[in-house]
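Heads up: the structure comes next, in structure tokens.
A, B, C and D are the chain letters, set down in written order, and residue numbers restart from 1 in every chain.
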Amino acid sequence: MPIKGPIKVTVWGENRHEQREEEVRRRYPDGMHGAIAAGLTEHLGSRVRVRTAVLDDPEHGLSDKELAETDVLTWWGHMAHEDVADEVVERVRSRVLGGMGLLVLHSGHYSKLFRSLMGTTCSLNWRDAGERELVWTVAPGHPIAEGVPRPIVIGEHETYGEPFGVPEPDELVFISSFGGGEAFRSGCCYRRGLGRIFYFSPGDQNYPVYHHPDVRRVLANAVLWAAPPAGVGEPLDNAHTPVRW
Amino acid sequence: MPIKGPIKVTVWGENRHEQREEEVRRRYPDGMHGAIAAGLTEHLGSRVRVRTAVLDDPEHGLSDKELAETDVLTWWGHMAHEDVADEVVERVRSRVLGGMGLLVLHSGHYSKLFRSLMGTTCSLNWRDAGERELVWTVAPGHPIAEGVPRPIVIGEHETYGEPFGVPEPDELVFISSFGGGEAFRSGCCYRRGLGRIFYFSPGDQNYPVYHHPDVRRVLANAVLWAAPPAGVGEPLDNAHTPVRW
Amino acid sequence: MPIKGPIKVTVWGENRHEQREEEVRRRYPDGMHGAIAAGLTEHLGSRVRVRTAVLDDPEHGLSDKELAETDVLTWWGHMAHEDVADEVVERVRSRVLGGMGLLVLHSGHYSKLFRSLMGTTCSLNWRDAGERELVWTVAPGHPIAEGVPRPIVIGEHETYGEPFGVPEPDELVFISSFGGGEAFRSGCCYRRGLGRIFYFSPGDQNYPVYHHPDVRRVLANAVLWAAPPAGVGEPLDNAHTPVRW
Amino acid sequence: MPIKGPIKVTVWGENRHEQREEEVRRRYPDGMHGAIAAGLTEHLGSRVRVRTAVLDDPEHGLSDKELAETDVLTWWGHMAHEDVADEVVERVRSRVLGGMGLLVLHSGHYSKLFRSLMGTTCSLNWRDAGERELVWTVAPGHPIAEGVPRPIVIGEHETYGEPFGVPEPDELVFISSFGGGEAFRSGCCYRRGLGRIFYFSPGDQNYPVYHHPDVRRVLANAVLWAAPPAGVGEPLDNAHTPVRW
């Protein structure tokens, strides 16, 4: 049973690099969140209704009311992970467990949110040398890989390397190689509670990755994949109440 | 490369039911932790060196020094999950990610420790009606199932039911049925960081489950399985330092 | 991208018990395949176009042409597994790997087709004692479990028991308990090549299981889940040609 | 319970390139199987007892008697997959399902044996351009990765590329990058029946990969990992007999 009406997406951005670094602002005049949102609308049109929210919004733009209107949340953060309120992290986490889809992007691997959902360090190796990244599909039947070239060629990007400190993905969709020789599990699916989580590593602030048509295609596919079939659910928390899920 | 010398096991018990309820004390005169420890020694002899620790010990008996001397930790808690200090939970968690084996027992599913490692609610359904539990092996080649009867018959036990709010196990070893008709994933393996985690559901304080020879056999097998091949490692935390694992 | 138009389903039945045993014929006047087909149409209406095919049809009703018109195939067989031509098995297998969805039902676990796709014995324990089967959802967020009661109650059924000689499922959706105490992984998902496979154990010829509304619901959900997003693809065989998938 | 006495390893080689191509013979004067066997003995000494067998041996050196004396089998084949008798393939397969460990090497991905155990095409992309391969550990806690440098550097090798047509590994241990940009899942673990299977892609006949100390280390680790804890078991076939595993 597909969701009635458009999928409601909240694109969340830390929006600090954009504020502080002119070069990032020039690359992303509407913020990185703006570019991500534009890419989703470009690919999905009336199938989605996209809003953006940023760290500096009241409650980071992630109030109970706003989350109750979100089928899928995308998360980009980097320099200000610690500024995200624990209470909001827990609120979002319980929503994911209750069915809200979540896309964790690039340096979002180190967000409180992703770490609390994975339970592991979520650490990785990295090096910024503007190397070419090639993103290879390992699961050709997976909906997130639909229509995606093999490989996606990202001319210049930050390099991520293994070991990536996450649980073994429930489904591995992409692995990347980098000009300097690294290899990395760049597209990882997780099922947690009633929710679906997709981690996708391309997307550093110093490169125009979110303007890349193939990256946009992946994100659009991932929104469709992560959307809860029955629409927005209730949050699932650890309260010791009878289990209703 | 097997561990040199005996595997160092810390059997951790909440030890509250034993203090407060005469019936539990009669069932477990040395505490539930005492019975678990005795079972391990009974099966593994000189292959292990077992100590016990309880909630009321200084630092819950889980100081840095004590953890640095622990290859495998077993965890039983129920009524006092909230009394376990967050700092200790985080300390233990980083040890598991660094390679320490962990056995989470019965109501320990709702411990802060297990929930923080799983990232999910870890909730389940339950009913205490003294029903028969049958524990069936689904992974006959798994070392934890070695020498275990099919099924293990536990005459009377608390009933656990699905859905069990955990990530899909990396390996499912046992599923149980109960007299009242429930079915439950009773033996679940997880790999997290460098560590191995085994959840095993039999073990309620109101039943003499830890005197059961087959349950003891499972726990002994699980200690061997969870022991880190290279011995005690360093804790792995989320600090933003270069990745050395 | 959903399939354009209705999902094309072929319900395949061995149709031997129905021919030879009056009692089965009385239970399933249109054959077991007829009941399965009726259940799919009942739940999915115009979203599917269902045909049936049986062992005694030319090429078992599974010619290249017929398979090229099949998005999802359901498979029930029992007493005549060996009568299925190897050539047809291989033809169907290459279609599954090329993207065709497959539902393997009950005793179909021992079909040449399922065994060749799994690579294992696919053996299990069984006993026919007309016991109650309860089917419990372990993956509440899975689309196959949508709208399914917890548990499904099947008043009388053949008993299946572990160990079930299959690879660990990519997703486990259901586990069952039986009146006699057995527990069994009754709903298992696999991804193989571009195709999706769902094994569902309820469905013995001696019980009216395919008239059960909840069982019908599961099968209808599974058809939606298994349907290839991009519609019918080409078969994938082991020929040593360049890889085009 | 570790195996009593040394682990009995059979290193199986097709041994056709060595016979027909002088250059391969010069690279591997004792055959590729000879080099693999030497590497295992070098690392494991008295912990293993290694024999070799080749395609041209009677019954390919894989008679019932010989398999009954084999804890772990390694398999390298390439140009003569079709010359391996179906009967022997089935015999070996039933041994793996009965508990014998199996290491499938490089072009062995296309062997009848591996394909029949996986159930999929096992196809991949490839190109021989003498490129550098880097083998990265993604599962640092896995025993097969113990003591292995990150990355293993193989100066020149054949290039393998995704998509690799196998079931999702039960554990992914290594991924490789190649000089030309490809990325590949180069170390994959499977559990099938009572047996453990490890696929490792480095090892082309045109490069001296089996003289590489790190590759030898991986193979030695994998033999220890794949060895059945309880020693050689009985074959498990598809015969419709009561299930005894």
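Basically, a residue touches a chain if its C-beta (ideal position, glycine included) is under 8 Å from a C-beta of that chain, and two chains touch if they have at least 3 such contacts.
Bear in mind that the values here come from a model prediction, so they are computed numbers and not experimental data.
When chain A is laid over chain B using CA atoms, the rotation angle comes to 180 degrees (nearest 5). In terms of C-beta pairs in contact, A-D outnumbers the other of B-D and A-D. By the residue-number overlap criterion, the interface of chain C with chain D counts as same, with over half of its numbers used by both chains. Averaged Cα coordinates give chain C a centre that lies 34 Å from the centre of chain D. Chain A and chain D have centres, each the mean of its CA atoms, that are 37 Å apart. The multi-chain contact residues of chain C, meaning those touching 2 or more other chains, are 139-140, 163, 168, 170-171, 191, 193, 245. Taken in their complex, chain B has these residues touching chain D: 1-2, 99, 139-141, 143, 146, 170-171, 191, 193-196, 228-230, 245. On the chain A side of its complex with chain D, the touching residues are 132, 134, 136-140, 150-151, 161-164, 168, 171-172, 175-178, 181-185. Residues 93, 97, 110, 115-125, 163, 165, 167-168, 170, 190-193, 236-238, 240, 242-243, 245 of chain C touch chain D in their complex.
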